[in-house]
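Just so it is clear, A, B, C and D label the chains in written order, and each chain counts residues from 1 on its own.
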């Protein structure tokens, strides 16, 4: 067997699995989104437009807000960790990486429900009235908090990596001229780490857009809903593959833009 | 073991790394392949080792054509630039690896490893053997890498810039040791370097390469004193370069004219080494056998062994070394005619024997 | 020197051997009766912890593998997909032997010939008299199903927060308006209790219960829906995410009242997970209820054993002991055969909040399936 | 002895406060799980559980949870072994040799990162149904492998790429065959990276939710799906226990291996 053939033979089984169970389904998703009652039509998309345009905006809004919060917090926290250092805090921020999404969803729900543990604790101190407690779970805020909590770990890891790659000399130069910790973050670390930050953001944005288990568990029952939850309900309660796939196509479209960017940064480096 | 390559061609995509090289490496000798980075010298070495299949030509060891052989069947041993010592094995295991592959009995392995470590003068053999390569100094790692290559008694020893990662002092000392060791074991050795001083010091034969071709091959003295073209002259030694125009009987550099009887016509390059020229206060008297160029001395640096003067001649800055300081101001640079080399510009090939052409100036 | 890679290789090899040994054990084909239950965990827990051990004891050599397919109709949908795929693939023996499903998937199951017309073959067929044992959402299911139990949507309320519970929709609306956000239901997406509430609302608003539930299908009477749905949506209520969410929020005092399934509420009380003071009420003109059906797939691998299992569950003895006495649910077969085996205390509990006559008058059916589908979309669009 | 500068004390206090604050943020949702897992009874309006105990822990250990844990663990082990067997040779070739269509192959293993899984897996479920593999261990293993392969190919290629090729060339040069050099040089050096990658694959499969929910029902139940069902079923205690058990492998890994896991591997965990 020639080396070329050998390497193709080695590549074939894993490729087959990914093509069969990711790329074919992807194509069939595109195909089915145009099929309604057995014939080609745009009615699925019309239905998406009629019923779900608010949900699309909501999904984008929740994802963007979560992203801004995650990146903002990570930029500051990592600056602190890079310049001052705090082993305990650094370790703590890694914990959510290892907590599965479903667990985050459930944990947040138990914590943030109107009569969840947080409100119970706050009521003890007299801060809120349990007779009419504020609800964080089952609202957009609950989803945002859960997404931020889960993604913060990844963001801290990536941003801190980028910050650590910034040569100490640049910081010493800034310190030498009297820059405070905040100024060092704003003027040196952040601009120099910007490329990595953009890649990290692009990546996290798609994953937030596509988040399923967290909104499924902590999202409320009222519209608007996150897109993936809509997809799930369309299939499981209404057995409507056409509309579900049209919704899926909308989500691919958003992911595609981000993926293109991600791909470019990845392929710019020689592989 | 006599090593020859004939018409060797290697391409990376559209880049031609080896452009039909034909050259021999004398048996038992130390040959240095010298050239700037990207000239193809490492590609040639890796082709000899068998790491990269070539696109054309033959590689012959003695009477055996090894062109199609995989690396493990060639009987070469290589010392890598970063040593490529396996970090997960002890020094002993590193050196013993090749012997174990050859199913040498354990007792003999031990004896031969100790012997070769002794040969490369690593010192404290018993202590060093059990350590990991990462715990050794750069010089010691270099010796281990050499020992690992020598212990299998290769037909050909290949060394890829083996000293380039060491600091200047260690490099100087090891250079001498490598040469002595090579003379002692007498293995045909091919040594790649980009450092002309190192090539001249260490090798019996120097092959100068550029852009995938051999520019010049010969003894260190040949290469140094009789460069065959502008590239060779420029690459060896601190050289000054001036652009000029040659015509029958005269050579003009900017507004200055020098008498010239050589064969070059049109645009030409003038080359001379900083050590070959002298700078004197402005003096218009001509001297036979000396080319005189007028310029302005702009700066002077003290080098310890003497002074380096920076002189601007017709807009170009040249360096002239001397033992006595000369004050800034208008000066004359004097170059012995036989040390001033003139090449037609844009032609890598020498027009005639450059040594002769300068003499007729 | 090669210790690490040896360890690695050894670990991988050990894992492979373990797998080779364990695989057959995992997918071993004994006489296993696969019972798949749609619905919340309580539904398949009942199969797994109560019916299965008892049945295994009575039938030595049989192992009952009781699994759940997920909450709500999504669970029934999974079962349909599962058997349908085996039919499409031309498999001779299907791996679902008994399924517990909702009414909504029956037309598809029967039209696609996915389930057997098995019920007349079993001994308890004669004891089943309920109309929705023969008709599901206007679709003829006679012989294809045996109801495991009947359930009913009612209003559950916290008597500390609702001093005078409403007894009609009019009173309910008044209460909602004076207690904003304290009434909760789960829309139409999160489970059938919300659907039942919405349906009851439309029955009340349109007054056309007979037409919706008995047919024939006539799309023109849906014209009154948008206005009714808009009115429903304008009420200051809390939307919950599912049947269980409504119950939990009532339990935790987040809402004071909401539509729930009787069986689920009683189940939670029995388990000690529901505040015992929570009460229920069936208001006029009423809410729909529905049974859970036991079906046997057409080519079930263990068809005769499956029939035996259904017969076992629908036997008066088990219906009395488990469905009524243990769970406090309404039996699937005719009550007169069952209630004689039930203690007075259990009988009293069964009818404590919802007396039999209320059940007869206000226990309604879901609309015909075309109306049902239209209702889902209408709710989302208005 | 010089008296400490007053700022030092303030700074130390602030550091401590920062640590406590972050610990609260991180552990608040997790500690709620602990409280719920030990709660026997907790009705409104009581601010604290009325009755604590091990009742539910005992209950779940004999119930479905244990079965879900077992089958989920078993599936994760199969997925890990298969992924390693398929990926190690491929990753090595991709890192070292001019494999034909290399860019396209890498792209195939990259794109699934970027697209939402749920709608794709919905359609993959249909394909698995057609292949008669849905609701079987094999089907769940396959759907897990899609994600696992995608992560493994990239991390393992990076691992092999980080080993200088000259280390293997030195071995060939001394007479070792390619296979021998692979096992004596490349594999031992790649082992730490491969272990990290292996743990990643195991955790991915163990924690996988979307694919299992769609493909596994009704016969294959893993812990995340079980946890989801009990959570939406408002069996808060059972769900909390399942959630706690689900966290154990990941947290164990974090505590034990934190120092050894490089950030490029760590960052992969966040994507599960």
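Worth a mention:
Convention: a residue touches a chain if its C-beta (ideal position, glycine included) is under 8 Å from a C-beta of that chain, and two chains touch if they have at least 3 such contacts.
Computed from a predicted model, the values in this text were never measured in an experiment.
Set against the C-alpha centre of subunit B, every other chain centre is closer than that of C.
Relative to the centroid of every protein C-alpha atom shown, the closest chain centre, again from C-alpha atoms, is found for D. We define each chain's centre as the mean of its Cα atoms; on that basis subunit C and subunit D are separated by 35 Å. A straight line joining the Cα centres of subunit A and subunit D is 17 Å long. Distance from the subunit B centre to the subunit D centre is 53 Å, each centre being the mean of its Cα atoms.
Contact with two or more other chains is made by residues 115, 130 of subunit A. Touching of two or more other chains is recorded for residues 44-45, 184, 188, 232, 236 of subunit D.
Shown for subunit C are the residues in touch with two or more other chains, namely 1, 4, 70, 241-242, 245, 252-254. On the subunit C side of its complex with subunit D, the touching residues are 1-2, 4-5, 8, 12, 15-16, 18-19, 22, 26-27, 34, 36, 40-42, 45, 48-49, 65, 67-71, 75, 78-79, 81-82, 85-86, 88-89, 91, 95, 241-242, 244-245, 247-248, 251-254, 272-273, 275.
For subunit A in complex with subunit D, the touching residues are 3-4, 7-8, 10-11, 13-15, 17-26, 28-29, 32, 80, 86, 88-89, 91-111, 115-118, 120, 123-124, 130, 149-151, 153-154, 157-158, 160-161, 203, 206-207, 209-210, 212-213, 216-217, 227-228, 231-232, 235, 241, 244-245, 247-249, 251-252, 255-256, 258-259, 262-263, 266-267, 271. By the touch rule above, subunit D contacts subunit B in their complex via residues 164, 166-167, 169-177, 180, 184-185, 188-189. Across the complex, subunit D is touched by residues 49-51, 70-73, 76-78, 80-82, 84-88, 97-98, 101-102, 148-149, 152 of subunit B. Contact residues on subunit D toward subunit A in their complex (touch as defined above): 15, 18-19, 22-23, 25-26, 28-33, 35-36, 44-45, 47-48, 86-87, 89-90, 93, 97, 99-100, 102-103, 105-124, 126-128, 142-143, 145-146, 149-150, 153, 203, 207, 209-210, 224, 227-228, 231-232, 236, 239-240, 243, 246-247, 250-251, 253-254, 258, 263, 266-267, 269-272.
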